[in-house]
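Next up, some structures in structure tokens.
In the two complexes that follow, subunit A is the common piece, with subunit B as its partner first and subunit C second.
What follows is the complex of A and B.
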């Protein structure tokens, strides 16, 4: 569904963040990009969704291909119309709008109004926390609720590919479990394609089918979720569950 | 639009049933009463209605989209001179000229709105300040268009044989525009475009993630906002029967800013109440001054100071503006009458 070829990205024309990364996200699968802070994960998804420009970044070389079509350097609103929905890190709900209005904003690119009403009902049922607070201003929701809202809002746009950036950020462990439970449910029941960016490797590998590990702008490692779970390097550096405590 | 869509996606033309009945009652009452007022009160009422229209435009920009313009008096001037030019020099019919004047102002407004793509807040304010200066300068030098320092005369309109020469008749003409402007404004806020405005104001990045073209939305806000200003300018010209560049100074632009802020940002009622406030307050203060001293001229400097002070006190104690006070008053009244909203 999505292929990224040798992507290089720089900010302010000089700060190189991605040094040529390539990966693929097959249709109906969940793929995760793992890596530490500053490794270039968020930059990768921003490059795909067309959101680099707001950070003064640009794709230097490389290609982003969506279902066989070259979509490199397309603007954010174009990508949304192509069904690529980016749920940014930090949630970015509209604080002054109500839950319902936030969800309607999600359907901004949808022309068919009757389907919007239908979707609204469906997702409010699916997310009972939101269903109970449709007329609450989103700014008054808790962090976990806002994350649910950001996910539900993305789903309102009938996404073909969801780019999800650090849904676990700033949430307590129990909420992280809840959020990932929801992501996993949606992915399985709706056969959605997900590209999930996470620092929380353990949770990400529970949801994803396949994973890539980015380090300082390069892809260092890739494999199925099972392979990565077993991988010693990953266990040492990210999971902290190594048997050998003397590693550097 | 079928009934199902309407019930789900938009509310009726003027809000809830009570709001709608109240609004229609108010409009009819003002229209009837205006026919019995003397020239002094008609002047106030007409100025309020025209300022309210311009205020709605500015409020769409400031309150709803989070942008700013300190050039709205300048934009009003574009509308006033354009309509005068189109009617007297080109010979177009009045209504068409008013609409065209709105569109011309809209084009000018979008041009001066271009910096909003890159600039925010104070910086955008400075850019629009420059727009005001440029427009005023352009008025001064384009004598063929504006008459320069001498200004130009405009006739009050006659449409399909109906003359709006008398001030009370002309008021009805203005009121019609203000009412249509308010209804359109109200419905824009409930439309997809209105939601895009709020989204850009609240979180431009998130708006982009929803597929909203932020640049186009900002341009739409500038275009709509200055269309209102242009039409208001045209109406203002007819009213005075003389368009002079001195009516469109920076001071008036700043007064418009104060008007929307005091009225209530982002609310149609705020634009109307703010206009009423800014027009009536100086009059009230003049009356008080006359009570204190027969020579009100002596009080003029103090008047400005007191005016400023009242504005500041207002901002501190009613930051959401008169629209909020009005809402509370109406809710209180309805509750007293036992009406369940």
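What follows is the complex of A and C.
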């Protein structure tokens, strides 16, 4: 579904963040990019979704291929029309709009306007916490509720590929479990393709089929979720997990 | 008491025009984070264009008014496309300075074409007074007020009930989130400038109807600043309410300061004093949002 070839990205034309990474996300699968702060995970998804420009970043070399078509350097609005939705780190709901209005904004790129009401009902049912607060301003929701809203809003766009950047950020362990439970449910029941960027290795590897570990702009390690879970090098050195201490 | 009420009513009517112009200023700020220092000049140009259409073509007021709004929409699109879009990545302060430049150019054009003299607006609404019991008000004032309310209602409905209105509110709420939903930000910015120029035109034509046209009309751009700051630079509702507050303060200040001290012309300054006081207590204005920063 998605292939990234030798991607190099720089901010403000000089600060190199990605040094040539390549990976693939097969259709209907969940792939995770793991790594510490500043490793280049978020930059990678921004480069795919066309959201680099607003951060003064640019793809220097490399290729992003979506279903066989070169989509390198396409803007965010084109990528959304192609079914690629980016759920950004920090949730980024519309704080001044109500829950319902946030969801309607998710359907911005949908041409068949008649399906929107049906979608709205479906996702409000699926996320009861949102269904109960449709007219509440999103800025007043808790962190967990905002994350649910960001996910539901992405689903309103009928995505083919969801790029999810650190859904666990700033959430309590219980909420993290809840959010990842929802992601796993949606991914499996709707056969959606997910690229999940996470620092929470344990949770990410529960949801993902395959994973890549990025460090300082390079991919250092890759493997199936099971292989990564068992990888001693990953546990001890890169991500600080040991057999006795499962980091959440 | 009647004098006080007369000043208040007059202030509300003049303030409603400030509200319309303030709405335009806030709209651009919310969408683009740019404070448009050419707002007063857009207002002035709109009024002159309406006058020109009426005088040169003999067209009735309503179609001339609508045409001048259309002209202002096109002018705003040109300004946005030719000047401002090239500055999308530029620091906000640079863009603000460019709006100052645009204002200077528009003022120069008006002085070049229509000279720096006062021109009376053709009498659209009668100046004959209507008695409200405690006060007699010229019909032109009443019509201005009614038209202002109608336009504010229309803009309110546009933002509340239309899809484009929702997209504009969403972009104002979080640009990044809007971009991630596929909203083409440049189109939203252009639309914000168009709407802002159109509301300025409404304000300009109404103000011109009351006081005639001269390059001094552009001072409305400065006069609405207390309203915008008072209401909170990011609050459309706040700017609308504060426009009326400023209008009333200006009238009360003008009336009472003149009577008490014998000094004329202090009315327009009064709102600035109140503004300083309010900002002292509430730095984000009466309705402005406090920035929440993650640390």
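Note that the second predicted complex is superposed on the first by the 237 of 248 C-alpha atoms of A that agree within 3 Å, B and C clash if a C-alpha of one lies under 4 Å from a C-alpha of the other, contacts with A are read in each partner's own complex, and residues count from 1 in each chain.
What we mean here is this: a residue touches a chain if its C-beta (ideal position, glycine included) is under 8 Å from a C-beta of that chain, and two chains touch if they have at least 3 such contacts.
Everything quoted here is computed from the prediction, not taken from an experiment.
Q: After aligning the two structures on subunit A, examine subunit B and subunit C and state clash or fit.
A: When both complexes are placed onto subunit A, subunit B and subunit C end up clashing with one another.
Q: A:88 in the overlay: touching subunit B, subunit C, both, or neither? Say first, second, both or neither.
A: Both: A:88 reaches subunit B and subunit C.
Q: So in the superposed three-chain picture, is A:111 touching just subunit B, just subunit C, both, or none of them (first/second/both/neither)?
A: In the superposition, A:111 contacts neither subunit B nor subunit C.
Q: With the two structures laid over each other on chain A, which partner does A:96 touch: subunit B (first), subunit C (second), both, or neither?
A: Once the two structures are laid over each other on A, A:96 reaches both partners.
Q: Go through the superposed model and pick first if A:80 touches only subunit B, second if only subunit C, both, or neither.
A: A:80: touches subunit B and subunit C.
Q: Looking at the overlay, what does A:56 touch: subunit B (first), subunit C (second), both, or neither?
A: The second partner, subunit C, only.
Q: Touching subunit B in one complex and subunit C in the other: list those residues of subunit A.
A: Shared contact residues on subunit A (touching subunit B in one complex, subunit C in the other): 49, 51, 54, 75-77, 80-81, 85-88, 92-97, 101, 104-106, 108-109, 153, 157.
Q: Across the complex, what residues on subunit A touch subunit C?
A: Result: residues 49, 51, 54, 56, 75-77, 79-81, 85-88, 90, 92-97, 101-102, 104-106, 108-109, 153, 157 of subunit A touch subunit C.
Q: For a test of understanding, state which residues of subunit B touch subunit A in their complex under the given definition.
A: Per the stated touch rule, the residues are 4-5, 8-9, 192, 195-196, 198-199, 202-213.
Q: In their complex, what parts of subunit A are in touch with subunit B?
A: Against subunit B, subunit A makes touches at 49, 51, 54, 75-77, 80-81, 85-88, 92-97, 101, 104-106, 108-109, 113-114, 116-117, 153, 157.
Q: Can you list the residues on subunit C that touch subunit A in the complex?
A: 89, 166-167, 169-170, 172-184, 294
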